[in-house]
Amino acid sequence: MITAGVDCGAKNSKTVILQDGEIIAKASVLTGFDQKASVKASLAKALEAAGLTRDQLDRIGGTGSGQKDIEDADVKVNDIKAIAAGAHYFFPNCRTVADVGAEEGRAAKIDEKGGVVDFAINEKCAAGAGAFIEAMGRALETPLEEMGSLALSSDNSIPMNAQCTIFAESEVVGLIHAKTQKKDISKAIHDAMASRIVSMVRRIGVNPDIVMIGGVGYNPGFVEALRRELGVERIYIPDIPEFGSAVGAAVVAANNGKS
Amino acid sequence: MAKYPTEPLKCWSKAKELREKFYREFSEAHEKGGLRWMGSAWAHDAIPQGLGRDVKCITGEPYGASCAFDRPLSAEFLAATENYGFARDLCSYMRNYWGSILVNKYALGGEFPKADFAFSQHICCSHAKWYQNACELEGGDVPLFAIDVGAGPYPPFAPKLYEHRVKYVQEQLLDAIDWLEKVTNRTYDDELFLECVWNDVRSTHTWAKICMLNRAVPAPLDEKSIYSLYVFGTLQKSHPEFADFYEELYDEVTDRVQRGIAACPTEQARVMSDTQPPWGFLRIYRYLESWGAVSIGSLYTFGLEGMWLYDDERDEFEPRPMPAEKPKTREEGCMLLADWHLSKPEYQHFYHPEYKTRMMAAMAKHWGVNGIILHYNRGCEGLSVGIAENRLGLLKRGFKVMTYEGNMGDEREFDEKATETRIDIFLEALGLQKPE
Amino acid sequence: MIEKFEEWYRNRHEYQTDWKQRNPDKKMVGFFCTYTPEEIFYAFDILPVRVLGSHEIQDVTEPHIFAMFCPYCRDVLAQGLKGKYEYLDGITIGASCIHLRQAYFSWDIHRNPGWSHYLPMPGHVQSPRAIPFLKGEYELLIKKLEEWTGKTITDADLKRGISIMNDARRAMKKIYELRKQDAPPITGVESMYMTCAQFFTDAREFTPVAERVYDELQTRKLDRPVGKRLMLVGSENDDLEFIHMVETLAEREPVGATIVMEEHCTTTRYFWDEVDTSIEDPLEAIAERYVLRTPCPSKDWPRRSRLDRILQFGKDWNVDGAIVVQQKFCDPHEADIPFVRKHLESNGIPTYFLEFDVTTAVGPFAIRVEAFLETLEAEEDLF
Amino acid sequence: MAEETKQEFWRWAETNWVNPDMNWKDAEFITVGIDVGSVSSQAVVMCDGEIYCYGNRRTGSDSPTSALNALSFALENSDLTQEMVNYCIGTGYGRVNVPMADRSVTEIACHARGANFFYGPEVRTVLDVGGQDIKAIRCDGKGKVTNFLMNDKCAAGTGRGMEVFADLLGVPIGEVGDRSFEIDGEPRPVSSTCVVYAKSEATGMLRKGWKTNEVLAAYCAAMADRIYSLLDRVGVEPGFAITGGMAKNRGVVDRLMIKIGIEKMTTKWDTQLAGAAGAALFGVALCKKGKGRKVAG
């Protein structure tokens, strides 16, 4: 059984190809203005990497905010189901999963089979997702990739008051003016965002085996802040966090729609 | 995939007429030499009715809801209150109401009909303030009397009904009558009053009985229709025509149950909701039905203007029996009103969310509900107070619960798309299939 | 001596745990709203302590209180959920706004210390029926306390409780009188430390300190410009960071101010009114006090009686302007604020409105306050 | 597939100017106003209350440098030196960090005073839309503030948002206004002016095949709505002037004016300078009261 999972996210369109439960290929391309095209591109890239053709796939599962533009999808997998299945694939013991992407944070409580029990989505204000750290990175004149490690090097905690990305930006500028060390500011930024995600996760309840997926999983500063805020031993993160939803979609497709 | 027979309610058009007549009578009251009063839908409306049959009222909550149906108009009202300096997060019925006064537009056409006096009850932080401010906005010369009913929980949520608690309410009601005579220079008609008290008891009791019928599978009534029917209790419980109408309705729904008539022919799963819906978006209930899920009601639609008693031992939730005999004196009338309404299910959570959780759990059990949908209603702190604890309590009891944020009367705070997504995920979790 | 208040405030948990050690056989009850009859608890020799927030961003209340309830009640609940008050023996609330009730409810469900009591407090305080009703509720409370403590109390005990509270109130009022001076010997921050400290310290330990402070203040001179005399009006507000910001503006900016008076439930609304000891029945006297005190707006109807008291304060303390404070989502005050502002403005007291959250965004607030102060500038130097 | 845009479309022109027919040496009082805003910094130099020269630059990541840059940019083409300045006032978001300032005044007071100078004493309502603030100010005939409101917590509808947006669409910020009118039929405003969500909303619209100009129009309209609701709360008294950078964006301004339904006043000056000009004018008043610095020569 070979299936593909396609996750059309706000920032990246990701595809993974699953053969009998093994990931044999993956690809990620920027989601541009033409969502359909980027989806096709990422699927094509993945197929190429796997050395397969479209018709060798038994089924394609589509998910993500741009789901409707995944024309090849045989199975539509809603975002929550996808993150649940994805987390379950990587960590079968997982009971709570948080997905932090570019513009959305989601969390789901799942059962031993990877089915959704309860879920939360961070609504309204955008200040609780990857884009937040990106914006702050610009204000700090620090590349996104370094933000996290920078934060880790600080053990001061300065509270950030502003909820709004933009005001946070000027608060950051204010902190710079006040000659606050970059690393401390960076930590403040990650802590602030983590506490927002944590509030969301707490809404559905925190289990010890908590998994995080989504590209922000690459950000060690955020992951550490999240761990601290949740007060857990560790947070389980797949080595390819941004593909979590895509994997989930592929898994659901393999089970023909059932998680 | 229709599974059950369905047919429209026979008394639907009559309901419509009654509603329109009610609002019309209010605006025309003066031409007919009558009086107009404004107040909460939860008020003991039998009290002012003792002033005469030509006394007409408008109740703020259903009025606020009618504003919300007309979104552009509502937007105008809300903007007006914000510009006056009121915060955006206040009760959205209240803001629509104040807006109508400020803009001087009656949601049902024409100028806003000024009231001669205001008579309300008070339990959430806003009830009395609502009319205090309305009186001020209507020129400052409109007198207000409000009854505080925050006298504590009703058995079984309190060991017993303490005498000083009922007396507190009863005596305020008696004071209100004297006050009414003073501000209207009318002599109070106790006969008429006692008749109205009985109508109140009759309609609130009958409404509860009607809701009991919705235990049947398939449900004879869906909540979207229930909204248009329960409203009479909020307009004027003590109105003879409304009490009679509920008795008619009871017979018709009984007949539907006997003949197995469904409100939603595709009923596969049953849900119950909580707090007022986002009135401008009732189509979400149709969306539920497209999945084969019917909302059979809520503690809100059942217990706001329906009178029930919750039985702890049997974990049962049943209509409160009518008193053996009618009250004979003003004092008895006020005592009955006070006691009767203190048992209102929608009052109990003001003293602890746990009480509401127990009633909701009983409801979910006896009405055969598969899932519970809680509206985190930013428009009404009164009914949403403690709702997050209700969620936790219901989850703990093993129910499937979904929540969504919105606002009953301020469309800016409801995100329809996001809500539909939540519904999708929830109904899938209930094992339903998304309609093609 | 005056530093004592700040010291208490900053170490409130230490004080309270220490008090427990000093009084091993006595109970401590946390209360959530100023409508709690502390007199009755003192009569039982129980220490009533008001639960306050900590002004830290937190993420533990999300499952219990949803978005549109006031940050203060959230902050208060967070203290409980984070286990900051584990030393309490009981909790209680004299029914106030329904926001704060939620903090109490959730605390009761998830952190019940073993005893809890919800005290219905009449909303119709302008009705003659309120006092008898409240007295009835007090009787129930007393019964419950008697069962809990195994003590029975007499009128003498109640009278003792009354004088304990009245003494504390009188001591604070005397100090408030001094704030009328052209150069107040005490800043708004210091005064707020005092009133906040009184919430949780044993009044019998607090009052002597307050009296000593009063004596010291007779001769105290502060070498700081008074600037504009401001009054705070509105929601609960123990945001010392904000008050500090206002009173230190002058150090950075050409304009400055001193908070000389407040009308909110952290200070005057809470302690200003005393129990009338001329009333025979002490329980009735206590009930009367809580019914007749300056009300929380949600109880202030049909007449809006607060307005005159606010204006009187403004005049007597000779304020140049008032900052009208509202906790985000605070419905009780939101319903009053437009009228409070109108009343003050039409009586020659300019107002500026600020909406508070758990933490103050000091920067954005500073600019507003400064600009407000600039509008109060009499000297036309700039023009 | 769109690559991340390299070019920075939000960059608006940095400008400086010296009044050719004015000689600073004749001046009794030379005053400077420096407005360090969240996005831009301006320095305005006045000789006895008339603008002699100015500089307008983007704010860097620290105020003192930004203030210095703005001032030296202003003095670039003049032989006037800092030493000759009798009074300097700092204003704007970084006002306390203006090294050469003798005192600071809030931008609210300065914009009111500046508007009074730019537009004349009839000004009663001033709207300043800057990088992250929207300020609605009421003032008297002298330009003294009587009442004001600011947006808080949420930066939706501010200049910074417009920058993010221009960048996303690859439209130079200076062209946003005009292009937003090169459409047939006014589109429905976007539902959220949240800087962040506006981005995804715009992306969504482009995906739906909207034309860039239509998206611009929809966003400008939403901004106008947002700004209007704030203005509405202080109430607009005729004698209405707009200061700050957003005044240059007719896509927002013209739509706003339609809602307000009165004429807006006009000026020959760069509206972004209003705050600094107001500050410089306060300096003049202070000098006249003998509060200025004595300087050599």
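Every chain is named by a letter (A, B, C and D) in the order it is written, and numbering of its residues begins at 1.
As a convention for this text, a contact is a pair of C-beta atoms (placed from the backbone, for glycine too) under 8 Å apart; a residue touches a chain by one contact, two chains touch by 3 or more.
Values in this document were obtained by computation on a predicted structure and should not be read as measured data.
Engineer: Let me spell it out: compute each chain's centre from its C-alpha atoms, then which one is farthest from chain B's centre?
Structural biologist: D
Engineer: Once you find the CA centre of chain B and the CA centre of chain C, what distance in Å lies between them?
Structural biologist: Distance between chain centres, rounded to whole Å: 36 Å.
Engineer: From the mean C-alpha coordinate of chain A to that of chain B, what's the distance rounded to whole Å?
Structural biologist: Taking the mean C-alpha position of each chain, the two centres sit 43 Å apart.
Engineer: If you look at chain A, which of its residues touch at least two other chains?
Structural biologist: 162, 167, 170
Engineer: Using the touch definition from the top, which residues of chain C touch two or more other chains?
Structural biologist: Each of 63, 355, 357, 361, 364 in chain C touches at least two other chains.
Engineer: Any chance you could list the residues of chain D touching two or more other chains?
Structural biologist: 93, 153
Engineer: Looking at which chains touch, is this a line, ring, star, complete or other?
Structural biologist: Shape of the chain contacts: complete, all pairs touching.
Engineer: Which positions of chain C touch chain B when the two form their complex?
Structural biologist: Per the stated touch rule, the residues are 63-69, 95, 97-99, 101-102, 105-106, 108-109, 118, 120-124, 127-130, 132-133, 135-137, 140, 297-298, 301-302, 304, 326, 328-329, 331-332, 334-339, 341, 353, 355.
Engineer: Within their complex, state which residues of chain A touch chain B.
Structural biologist: Residues of chain A touching chain B: 78-81, 115-119, 121, 123.
Engineer: Enumerate the contact residues on chain B facing chain C in the complex.
Structural biologist: That would be residues 84-87, 89-91, 122-126, 128-130, 132-133, 135-136, 143-148, 150-152, 162-165, 167-168, 171-172, 175, 350-354, 376, 378, 381-382, 384-389, 392, 405 of chain B.
Engineer: Help me check something: in the complex, which residues belonging to chain A touch chain D?
Structural biologist: The contact residues of chain A facing chain D are 10, 29-30, 32-35, 37-38, 41, 69, 103, 125-127, 131-132, 135, 139, 141, 162-167, 169-170, 173, 176-177.
Engineer: Hey, which residues of chain D end up touching chain A in the complex?
Structural biologist: Residues of chain D touching chain A: 1-4, 38, 61-63, 93-94, 97, 132, 153-155, 158, 160-161, 194-197, 199-200, 203, 206-207.
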